[in-house]
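First chain written, first letter: the chains are A, B, C, D, E and F, and each begins at residue 1.
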Amino acid sequence: MKLITAIIKPFRLDGVKEALKAVGVEGLTVTEVQGFGRQGGHTETYRGAEYKIDFVPKVKIEAVVSDAVVDQVVDAIVTAARTDKIGDGKVWVTPAELLVRIRTGERNDDAV
Amino acid sequence: MKLITAIIKPFRLDGVKEALKAVGVEGLTVTEVQGFGRQGGHTETYRGAEYKIDFVPKVKIEAVVSDAVVDQVVDAIVTAARTDKIGDGKVWVTPAELLVRIRTGERNDDAV
Amino acid sequence: MKLITAIIKPFRLDGVKEALKAVGVEGLTVTEVQGFGRQGGHTETYRGAEYKIDFVPKVKIEAVVSDAVVDQVVDAIVTAARTDKIGDGKVWVTPAELLVRIRTGERNDDAV
Amino acid sequence: MDSGDNAWLLTSAALVLFMTPGLAFFYGGMVRSKNTLNMLMMNFWCLLVVPLLWAIVGYSLAFSGDGDFIGNFDKSFMRNFDMQGNELMFMIFLATFAAITPALISGAVADRMKFSAWAIFVPLWSILVYCPVTFWVYPGWLAERGSVDFAGGTSIHVNAGIGALAVILVLGKRKGWPEKLSPPHSMPLVMLGTGILWLGWFGFNAGSAGAANGRAIQAFVNTALAAAAAGLSWAVTEKFRDGHFTNLGVASGIVAGLVAITPGCGFVTGGSSILIGLIAGVVCALAVGLKSKLGYDDALDVIGVHLVGGLLGSILIGFFADPEAFSKIDEGYEFLGGLFYGGGTELLVEQILANVVTLIFSFAVTFAIAKVLDLTIGLRVSEEVESEGLDIREHAETAYSSLDRSTI
Amino acid sequence: MDSGDNAWLLTSAALVLFMTPGLAFFYGGMVRSKNTLNMLMMNFWCLLVVPLLWAIVGYSLAFSGDGDFIGNFDKSFMRNFDMQGNELMFMIFLATFAAITPALISGAVADRMKFSAWAIFVPLWSILVYCPVTFWVYPGWLAERGSVDFAGGTSIHVNAGIGALAVILVLGKRKGWPEKLSPPHSMPLVMLGTGILWLGWFGFNAGSAGAANGRAIQAFVNTALAAAAAGLSWAVTEKFRDGHFTNLGVASGIVAGLVAITPGCGFVTGGSSILIGLIAGVVCALAVGLKSKLGYDDALDVIGVHLVGGLLGSILIGFFADPEAFSKIDEGYEFLGGLFYGGGTELLVEQILANVVTLIFSFAVTFAIAKVLDLTIGLRVSEEVESEGLDIREHAETAYSSLDRSTI
Amino acid sequence: MDSGDNAWLLTSAALVLFMTPGLAFFYGGMVRSKNTLNMLMMNFWCLLVVPLLWAIVGYSLAFSGDGDFIGNFDKSFMRNFDMQGNELMFMIFLATFAAITPALISGAVADRMKFSAWAIFVPLWSILVYCPVTFWVYPGWLAERGSVDFAGGTSIHVNAGIGALAVILVLGKRKGWPEKLSPPHSMPLVMLGTGILWLGWFGFNAGSAGAANGRAIQAFVNTALAAAAAGLSWAVTEKFRDGHFTNLGVASGIVAGLVAITPGCGFVTGGSSILIGLIAGVVCALAVGLKSKLGYDDALDVIGVHLVGGLLGSILIGFFADPEAFSKIDEGYEFLGGLFYGGGTELLVEQILANVVTLIFSFAVTFAIAKVLDLTIGLRVSEEVESEGLDIREHAETAYSSLDRSTI
């Protein structure tokens, strides 16, 4: 089992979700996050004072998947999230030793 | 050290927290997330137009624990979070190589 | 590659971000989370009724970094986040097998 | 028709109508975000249904005819109005009072009542409870006996407050109550509601003078002072007991003071209104604690604030009513004096009687309505809907949507 | 100058000015949070620019002189005012109407219009469209022929509604529309806007009587009843069609009813206003569905609510106008009767004519303004700005900042 | 007592009372969410404490008796009022002004003042600063010399603005200021406050005419035009300097314009009010930049907006006052003419004198109050409370609770 984590631009969420469904990922979890990176933030001006806002709204997607499909899933995310502009985000993969479906107690590949 | 991550129904948070306390987990971190899975979302209607809301509010719990108690902790979560209805969520375990308590600099099992 | 996760006090975010920049971390992702731990929560009173609020606002920082810099990064976080008061938070390290920059498809150390 | 009086009544009616959205925000901020829209909807529903019902039949039932117990249909459909005498203005001004009265009850039933049941409850209650009680208190037998109610302490706050108790006894407690309590999801929304309510209450109380005269001014002054005094005394009570001055305490105290001065604002003078406010703030601050002891789940304290505050204010008239002071303001304005102002106990007895009668009648009929609704269409949502939230399941809407900024 | 009339007009003008912030919240709650401040700003902009323009030249162009087609400059810069006759009051009261009219259009262009283009569009449209149409409908030729418009159905709602259509035809659809829809980011903000709009509309409609007289009272009653009726009928329409009573349905219905009763509130009686409201609620609830069928992206339904509701209300006067009833309220108040009140078809024909003329003129001139702006400075933001959000890119501001509580 | 005048004063008083919640939202939206409720509470506190104090003793101290420097106690406890002459109305109308004046100061001390210190500061300041200054400016020696202040430029805005400076000099800067700035946590809340303030300001300014007469109308017109002009000129200033039209700029400009026209709205005509507004918008937009240069932490710009705007408006009366124009509106309404209207420099000198006196007295006494409070109970929260947030620690409340929708 692997946990695949992707940080993407919010407006690509729908596309990535569809792409993941297409490669058979049936469950995932989404978090609204703030990203800091090469893209840089922006400046807001309130009453003439400048506020450097370093963080850019991003969306984090997490999905635990079977080892067999990891590459496919990563590719699907990268393809769907890509806009070729700075700030497109990152995908990373970490090992997961166990996955349990709470409702049934099923484990690992059965729980995906 | 293992990082245990659980996605649960929001209204089970209190119960799971108590169950974790009962098995000796003294620290955990909670995030409000949106889940996508078999449970499906719901439809909202604004001025006659249907909006398919795919995501369901969930709560993510993360706790880093000693290897020795992993099974116990997973079981505690599964038992406390279970409602036997679709959408109860998932628990997964990933290896953690290091844990530091910022305040004291203590490491690993001492830092839990 | 390692994924470094830190739970810190919100008002230390700026300091930690600067410390990370100083040791060469160019990207990271931030989430607003709620922590539960030794620090305890607080009590709110509405119309005379007490509400025990167990959770304390915290900020989670995630950064995937090269193996070589892990210790340095952890140290930087610990130093910058430390206030010596209870509730300073935790840092943990988990292995990451792959990191991809979505924009370019670069992998691992090139993608950091 | 005097243009100045008209101007004030037009303004007052607009302000009182605005109170129902204000109440919606006051209550809506106090519930969790998953039930916020249901709360707003219960209140707005009253604004849609009641004014129409009032224009068609309610006003006539509550104010027309010489009967002792109920009005007739002579003025239904806005017929037979005295167009020279401003009756159309009077009707619509009172329509806004009729609308907010059942809306008050929504605070008690928060988080668990079927909207379809509420949709039917509101018009039924207006006709079967609000119209007769209003008739008794104003043109009818209670008024004739000597009891007074300037702007609706008995007919509105006591009436809605006891009605709320009757409904929640049928409806039952929220799942988890009283162990699991949730703090208000948006205190700024609560404070906005408070501000709007106070603003509107000037129309409510001072508009009830029916003219832009000295009585309206005195009622206005009393409204301002009693609200301030009660907000202060509630806040201080909490500070002593719990250690903090809280916004919700201030908001609750302001509303309690406004409720308590409502029946008497046209019969007492400024000093008395400060005292009434101070008393109301302390008493209501203590009264909201009763529900957990007695075991009824009055979610947002309709009983502790409106029933207790209304009763208190109405009965205190029996002590503080000061006809002499008003004779200097407005000639020919007559009412019984209170115990402290040389009037003996007569007024006090009448005030108690009027409220006891209202308590009994309103409780009984409201309980019957709730019971019938419960046995027919059901009063309460399912456990699943209760835990998922009423907004999504009852209204297919979400109060705050953030993830969706991601689309496009 | 009668002090009572003054009091009511002062109050009304204040309330109508408050409607534009109300509209800002009504619309601002419906858009996503990334475009909320742009929406607020488009509305507040009208409050800054239009009253100044109106005082300087607009009022004179719209109300001064004996011409048939346009006013003159005699009363520009507030000169030559009849100071005994309350003309200054009249000017500022109408300034608040002039301000909200272009603001209505902002709902259609939401999420994609350059703010610089909007900043210029507003004064241009006020002078080139609003002033002439207002002249025709009030002192000018359309009024002289016999058509009526009590508080601005034709000159405001139809005018802004058709103008909205013209602008969005030049502007184009939002990226992703109609496949990708986003729910309102804050329904409580929408409901707050609704409450404020209803409150203000009493000033709008009943203030248009120009005095605190019986006509004002009747207009007030009609405003209350039509709004309630339309809120109810829109909500019931949705309940039957979609299965739920929704807050947005109620809010939309209330506004539709207010729009529909605006032109006729000083010509019809209470029963008719209930009917007009009921009809408007159903028709507008259906009309908002047209855009996806016809393919124009009227983001927040300015056409379905204001154009359709305004036309409906204006034309229904031709059926329901009741001069006899008003002769009992106000002596010497004369207008043609509607078809159902013995007046034949004359008024109906004039109402249709006035609206057709307004539709053609306003569409043509607004389209031309939009086209010129598009060809010069550009009407639309870039795709990048559209997806990142207009608040940050056009205004360098964020509606809600939470992470930043972390600093210090 | 004229019913039309009463109607307008009742309305005005209600609207002015509503300004304090409006100010609470205006300020409350600008601070971070962790300090929002503390800000609301500081404002609501003024609404609880000051009207009571005013009725009991403040009004008498500020308006009763023939002294030059301070009133007497003859009218304390609302005794000895001229009930025919509307004095009760006058008292309560002015109570709402007295309440909002210290509330203005809350914007300067945001994020760091102990609530217990604020709770005591407010009544002390009202009695020791507000009452004497008001006495001098209205019945007392400054007025007798010839200076004017229609609705409270000197006695309210200059007074509160310089008081704010005195308090923050004792209180010190917020931790991290000026390096660490946090953006407003909710701009919609700020814009809501702005809308409410503008609405209420019509009561503030036009109500200060004391009647629904021509002067009230002129004051109303001036209020609308100056606010619009200043909103526009502030926004344009920012557009040129910073590149964007911002909501906060518009909001700040509107308030600056309202402040600046407050003292003169009953002495200048419409054209002058546009000029005053345009000037105020630019000057205040620049003035808010001073604090970072001079190093005082005026959190929400009470000095840049209220002190500077109030001084500006008060002194510009010396140029623009136009008694002749008003003689056509209201017979027997006399005041000195401004420099541009044939009045020479006399009025200008008096205006400057009145403000200088106020600046000195208010600064000195406010500084003393703050110092005493600091040395006794302490003016400032601990560093820990400052970084954790005042809402939780000072009030045991949280503005927005979301996680808790999870319970049940």
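Following the convention adopted for this analysis, a contact is a pair of C-beta atoms (placed from the backbone, for glycine too) under 8 Å apart; a residue touches a chain by one contact, two chains touch by 3 or more.
Since this is a predicted model, take the numbers as computed values, not measurements.
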- Check: chain pair from B-E, A-E or A-F whose contacts match over half of those in C-F is A-E
- Item | Shared interface numbering between chain F and chain E [over half = same, under half = different] | different
- Where chain B and chain D are represented by their mean Cα positions, the distance between them in whole Å: 44
- Item | Distance from the mean Cα position of chain B to that of chain A, given in whole angstrom | 18
- Message: Rounded to a whole Å, what is the gap between the Cα centroids of chain C and chain D?
- Response: 50
- Message: At least two partner chains per residue is the criterion; list those residues in chain F.
- Response: 2-5, 7-8, 11, 15, 180-184, 186, 192, 212, 242-244, 246, 248, 387, 396-398, 402-403, 405, 407-408
- Task: Mark out which residues of chain C touch at least two other chains, giving numbers and ranges.
- Result: 11, 14, 30-32, 34, 44-46, 53, 55, 94-95
- Message: Going by the contact rule set out above, which residues of chain C touch chain D in the complex?
- Response: 44-51, 53
- Message: Considering only the defined contacts, which chain E positions touch chain F in the complex?
- Response: 1-8, 10-11, 13-15, 17-18, 21-22, 24-25, 28, 36-37, 40-41, 44-45, 47-49, 51-52, 55, 77-78, 83, 86, 88-89, 91-92, 95-96, 115, 119, 186, 189, 192, 196, 212, 394-402, 404-405, 407-408
- Across the complex, what residues on chain E touch chain B? 181-184, 238, 241-244, 246, 248-249, 252, 285, 288-289, 292, 301, 304
- Okay, in this complex, where on chain B does chain C touch? 1, 3, 17, 26-31, 64, 94-103, 105, 111
- Message: Please output the residues of chain E touching chain D within their complex, sorted ascending.
- Response: 2-5, 7-8, 11, 15, 32-34, 174-176, 180-188, 191-192, 194-196, 198-199, 202-203, 206, 211-214, 216-218, 220-221, 224-225, 228-229, 231-232, 235, 242-248, 250-251, 253-254, 269-271, 274, 328-329, 386-387, 389
